[in-house]
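The first chain written gets the first letter, and so on, giving A, B, C, D, E and F; residue counts start at 1 in each chain.
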Amino acid sequence: MDKRILKTVKDIKELRVQGATNVAVSGLKALKFVKSEKEFEKASKLLASARPTEPMLRNGLKYVHYKHKMGSTVKEAVDDFLKMTSHTFKEIVEAGVRRIPDDSVVMTHCHSSLVNSILKKVKKQGKKISVVVSETRPLYQGRLTAKELSKAGIKVKFIVDSAMRSFVNDVDLCLVGADVLTADAFIVNKIGTSMLALAANEARTPFAVASELFKYDPETTKGLLEPIEKRKPSEVWRTNAKNVEVLNPAFDFTPAKYVNFIITEKGIINAFDVHFSVSTTYRWMF
Amino acid sequence: MDKRILKTVKDIKELRVQGATNVAVSGLKALKFVKSEKEFEKASKLLASARPTEPMLRNGLKYVHYKHKMGSTVKEAVDDFLKMTSHTFKEIVEAGVRRIPDDSVVMTHCHSSLVNSILKKVKKQGKKISVVVSETRPLYQGRLTAKELSKAGIKVKFIVDSAMRSFVNDVDLCLVGADVLTADAFIVNKIGTSMLALAANEARTPFAVASELFKYDPETTKGLLEPIEKRKPSEVWRTNAKNVEVLNPAFDFTPAKYVNFIITEKGIINAFDVHFSVSTTYRWMF
Amino acid sequence: MDKRILKTVKDIKELRVQGATNVAVSGLKALKFVKSEKEFEKASKLLASARPTEPMLRNGLKYVHYKHKMGSTVKEAVDDFLKMTSHTFKEIVEAGVRRIPDDSVVMTHCHSSLVNSILKKVKKQGKKISVVVSETRPLYQGRLTAKELSKAGIKVKFIVDSAMRSFVNDVDLCLVGADVLTADAFIVNKIGTSMLALAANEARTPFAVASELFKYDPETTKGLLEPIEKRKPSEVWRTNAKNVEVLNPAFDFTPAKYVNFIITEKGIINAFDVHFSVSTTYRWMF
Amino acid sequence: MDKRILKTVKDIKELRVQGATNVAVSGLKALKFVKSEKEFEKASKLLASARPTEPMLRNGLKYVHYKHKMGSTVKEAVDDFLKMTSHTFKEIVEAGVRRIPDDSVVMTHCHSSLVNSILKKVKKQGKKISVVVSETRPLYQGRLTAKELSKAGIKVKFIVDSAMRSFVNDVDLCLVGADVLTADAFIVNKIGTSMLALAANEARTPFAVASELFKYDPETTKGLLEPIEKRKPSEVWRTNAKNVEVLNPAFDFTPAKYVNFIITEKGIINAFDVHFSVSTTYRWMF
Amino acid sequence: MDKRILKTVKDIKELRVQGATNVAVSGLKALKFVKSEKEFEKASKLLASARPTEPMLRNGLKYVHYKHKMGSTVKEAVDDFLKMTSHTFKEIVEAGVRRIPDDSVVMTHCHSSLVNSILKKVKKQGKKISVVVSETRPLYQGRLTAKELSKAGIKVKFIVDSAMRSFVNDVDLCLVGADVLTADAFIVNKIGTSMLALAANEARTPFAVASELFKYDPETTKGLLEPIEKRKPSEVWRTNAKNVEVLNPAFDFTPAKYVNFIITEKGIINAFDVHFSVSTTYRWMF
Amino acid sequence: MDKRILKTVKDIKELRVQGATNVAVSGLKALKFVKSEKEFEKASKLLASARPTEPMLRNGLKYVHYKHKMGSTVKEAVDDFLKMTSHTFKEIVEAGVRRIPDDSVVMTHCHSSLVNSILKKVKKQGKKISVVVSETRPLYQGRLTAKELSKAGIKVKFIVDSAMRSFVNDVDLCLVGADVLTADAFIVNKIGTSMLALAANEARTPFAVASELFKYDPETTKGLLEPIEKRKPSEVWRTNAKNVEVLNPAFDFTPAKYVNFIITEKGIINAFDVHFSVSTTYRWMF
């Protein structure tokens, strides 16, 4: 098999590629190097199992197989999916931008390219916004977000994660990304997201998610309990204290009842409509 | 004035002494060096204003003045208060220990010597317990807690602060300390405490506070809005990104409705009974 | 352009025509007077922008254009829509009537012809009902409702708006109309509706909405924040006290979580199913 | 008419056949004995009205008529439905089994063959589970459940119904069956189900329902208030105390907001998606 | 009996004197005209029963009797109570002022002289505040409030009562007065107060009450269900529509769980501490 | 020791005497037979440990010791306590009766002589009431209640325990007794009570408790986790199915937040005021 495929599989496995979209895009691009039907099958399987917690890549593979069966070459099908992905991104940004009025204070957690694109575009339109960013331990993705937004001229307030409840009552909207959407209407996103959602709900602060419907995991429809990636303890604390076990789940589950709306490529939807939207938009997924 | 007094004032001001009880004890000990009534008055004022966010020291000073007016020497009064403080500590530990049955999983946040003493004594009694500890950004006091408990042979699960909601549904009791108790029935404690309380309440997991009634701030009865210490941004993030303001409040407010009970020197009380308990126990406070 | 069209546009603009359905019907009737394709386009634009807060008229115009493109004349298409509107009304009344058992106490707010038609038909069937009506400041539409129902022989209890919480625990059902349904599952209706829904939810009193799916605003799918009509301050208070600003929003937003069901031309649906029902019933809307 | 049909109607009427699925299956099997179109019509009506509170039988009859109109014989159509029913059952068990991880404690109420089949299969797979069962007054169906599960080697804790809140905070999942699913997103199931759901929700314990979409009552779409079977007082208490009226409703209503997910033949769905799933799966139902 | 006494009784009965404090003050002042023990007894009874819904007057009478029994003349005792009342007022204003920080937006309902005095004093101190005032149907006391505050230079936003939920999420504090405090921890105040409290609670907006402890009704301790004054229908609507009954309750009940704190002459207390505070402050009341 | 004492101890131990008050009364009566100080001490200890879950008896013993130390004979002290108990009962009934207006529907669970006495007295006063009674498995004390009330001419609706949520939205008040009151503001009462309280709270139906303050357990102040009596499995189900463990806890814990008020010998109090009321009324208890 082409070494570039194997390298991609390894990169995904060893977390050198991160973020639902990046993993999907790099996995599919690698697929273009297959040289035979047999290799296509084999590469697909390798890629699909490289990161069990990333349904978007698996959805992309499913799409390519579906298109291929309908007559496209693998390369065409991959390009098709990548184009769709990029179009989808723009649609979500477009809808998201319209939801943020002038003079808004937005709060976000972790780093989402969708969320950042929305916020930067709102700023570009001349609307006045400021953003509260939580640092997002253990990997401090909040710092990335803060730097990116501040570079775009957006005023940022930066806080530790546990200060979310202290600030959420004074913002106009919480806006976060997503890694997985599930059949029972949960949003899987960076650890801490469900805390923010809970606190936002307590304060009647709207809580929104920006996410491609591609992130839906059709396996959850069949009963899969979406697995949560358990990362290295050392990211949290390099300790050798005995009796201490460091637990480092990367994501948590936010129930739909705490989510006011989701910004998707099909527009604004309520959080209980995810399955409906996915199943009528991407029939090949099931 | 005695240099040791001035040094103590400076130490308190510059945060070299920390924790409600430590601040109170070191402040009062310094008071023993006063040599005249005039110096007593002056030193008291200096100490009282050294940390506006620490009512326990001010309560101690008030007690010493009250006793002094009743005829005690300053030294006697100080010793009296210190003895009372240490007795109080034991009473709380005693009551707390009884509330934790065998085979319990307890969750705590930050570092509280009361909480740790209770947990270690429970362990010593041969009861089987394990403890979930959150790291407590930005200063990682959770690591202190984890080390201390693990050294005592207690099994610890260590997590980032934003993972609290992911774990709180599977513990038997949340137990934290307090810095201030207020007239309108709030618990002021380390930032993140109110998040844990909110998540515990959502999961019907009992949430308890261990605190001396000395931590009541009688000024809040008169309408004071308890001030929250704002600490150095650099504790959170040393950034020079422009447009980024790092906010670092040290504490947050937990409402009584999320607190199942408080373990005090007067025993177990419900969280709405703080003012009643304080006002009938320490009349000199008002 | 035909003067009757211009007059209708002006009447709608200056609030001489009111109520989602009335605005839609009179706007579409005016459209019948167009004499050319060009005039059709122009008149449509004028009508669509006459009241930015009324999606039903815009949906009607969209339908007429859709049908016209498919081969109908404008007149035929308008008549089609009007017929559909009137049929829809009957369907909703039919379903609504079945939901109200004998010996019911219903509570309503403002004046909705759908709600009143349901209640009067229930009465006509010989069922015993009584209705609690809130006056609906500032324009007292509750008085209209009360008069209409009382004339039909229904016993009415009439209260001020702020007494809603005092009465809602003793009624069997709250039933109101709607002006707009949104993509994120909100009901836009007369100011005060969301208060009643909140109080009904607190008391476990079912809260229902009677509304045509035509009132869905497809622009909200694209991210539009549904605008709320701000009416003249003098409707509330003719004051010249300086420093006093009278604010008079005509509507408020009721979240789906406080709505038990919606009575539509597709029957009883749950409030999170609005987008699904609209998108499968009226595909031309998107 | 064939006596076997009349006997079945009588058996259903007089509660000798019980449980939504049993009633449907025995009613449809009887239908196979019709000898003419006229008898088919007549028998259908008799069966449909035999138990007004059982939509599954009515849905089966509707299916048979629909298929018959499309050209099938009655017998073929009945067999078709029965096959579909049995296939559906397996699908639900399959999905349900995947949702229950190793080392789970599940709580159930009443007796549901779907729930029991799921639990027994989980056990068979070698997963360790235990089950809390409530007795389910007045007919003690909980004892049936307990016996069946214990025979399969599953550890059972058996409690009175009113102890549900005392145990629900310590289980991992509540899982019950359903008799009817309604248009406004309620689950109709054995009396006590909504109590368990309420208590589960208070404790953040997931609450799931296993149910065929066949149990949806399309009449509720049209406004029917699902009737609740009122059973004999003597099942509860044989008393002749005057002034005492024994009320014995067989079912209660659980709102979707207390249900985390439903396990159906279409897989895991959220409880607000029932109407969507039914209407896209079984179009003949409407 | 002195005519001034009889006139006062009549004025109170016929609502020419209004507001808990005004009624108490005018009733007690009248008492000064008694000329004998017998007249004292008789006048007390007449005054006590003039307005069954005003415990403050009854408490005043109780105090006068208590003092008289201890040796004071009636006049002395009345003057004592009046002085106490005025002192109490100042104490409440003092504490209330400290709770309102610079740059606050406060929301109030109806007209409370305590609330207005607090707000005007805050303004006088140079703090920047603005106030949202609801009109308070049917008697529009909100207009009085708006005028009084605007005259003091405070910016006012004026809304209809049913718009409270639309505005409460954007204010920093709700602050209202009270007419009665009850043994089971309810606040009785102008109709609409409990709606505001409910909406404030939903939005995590603090809700405070300013009230003298004199307004506690000790009869509620003995089981009295505090009666609610039912005022003339014509205040709401002069209608002769038959079948229409206009109901005009003057007050409603706000439960303690929606009240964050109460500002009293004993300082800030939590709403569950009313009975404790009253019973330790005014022992003569019981 | 007197055999009557030993018999009483045995009767209490073996559950032949039941109900907090009965246990206390019979235990104290037995105490009258002691013949020496030594026997007094010994008998007290035996009685105190006869039923660890009954604080009222222990409180009675404490009172007798306290009085004895102050100079009373044991017999005098016992009679004193019994008189106090009977007086207390009357006070509670008096206050309770005033809280139940004409035309009320009350719901109760289990059998409480306080509740029944209140309801029968209300009926005697000529007020129209009806009562919903739940059967109270496993021992059916609800039947006792139903019989007693029906004999007094009160209309009773009798239901299974799990139907509580189906009826609670249509009653005016829930009223139950109590076995223990705890320091952290819980009501310990018959299993099922907390379910009813939860469902009442969901429906905004007031939930009240009638209880002597004697039932407060002062040991809970010191940290005791109130033990819950575990009764014989055979009361629930005589089964020999292996793998089935029948659990039969006699009581559950109702948190103060679900209790609107408590009717005590000190009158109506809010549920968070129990400790305050006890500690100011019965100082000898601590």
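The criterion applied here is as follows: contacts are C-beta pairs under 8 Å (C-beta built on N, C-alpha and C of every residue); 3 or more make two chains touch, one makes a residue touch a chain.
Predicted model, so just to flag it, every value in this text is computed and none were measured.
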In the touch network of chains, how many steps separate subunit B from subunit C on the shortest route? 2
Interface residue identity across copies subunit A, subunit B - same or different by half: same
For subunit D and subunit E, let me know how many angstrom lie between their CA-based centres, rounded off. 55
Taking the mean of the CA coordinates per chain, how far is subunit B from subunit D in Å? 54
Per the C-alpha means, the centres of subunit A and subunit C lie apart by a whole-Å value of 38
Mind pulling the subunit C residues that touch 2 or more other chains? 202, 257, 272, 276
The chain pairs that touch are A-B, A-C, A-D, A-E, B-D, B-E, B-F, C-D, C-E, C-F, D-F, E-F
Can you list the subunit C residues touching subunit E in their complex? 109, 134-138, 143, 146-147, 149-151, 153-167, 191-192, 194-195, 198-199, 202, 236-237, 239, 241-249, 252
Which residues of subunit B touch subunit F in the complex? 94-99, 101, 257, 260-261, 263, 266-270, 272-273, 276, 280
Under the stated contact criterion, what part of subunit D meets subunit B in this complex? 169, 202-204
Within the complex, subunit C is touched by subunit D residues 183-185, 220-225, 255-257, 272, 275-276, 279
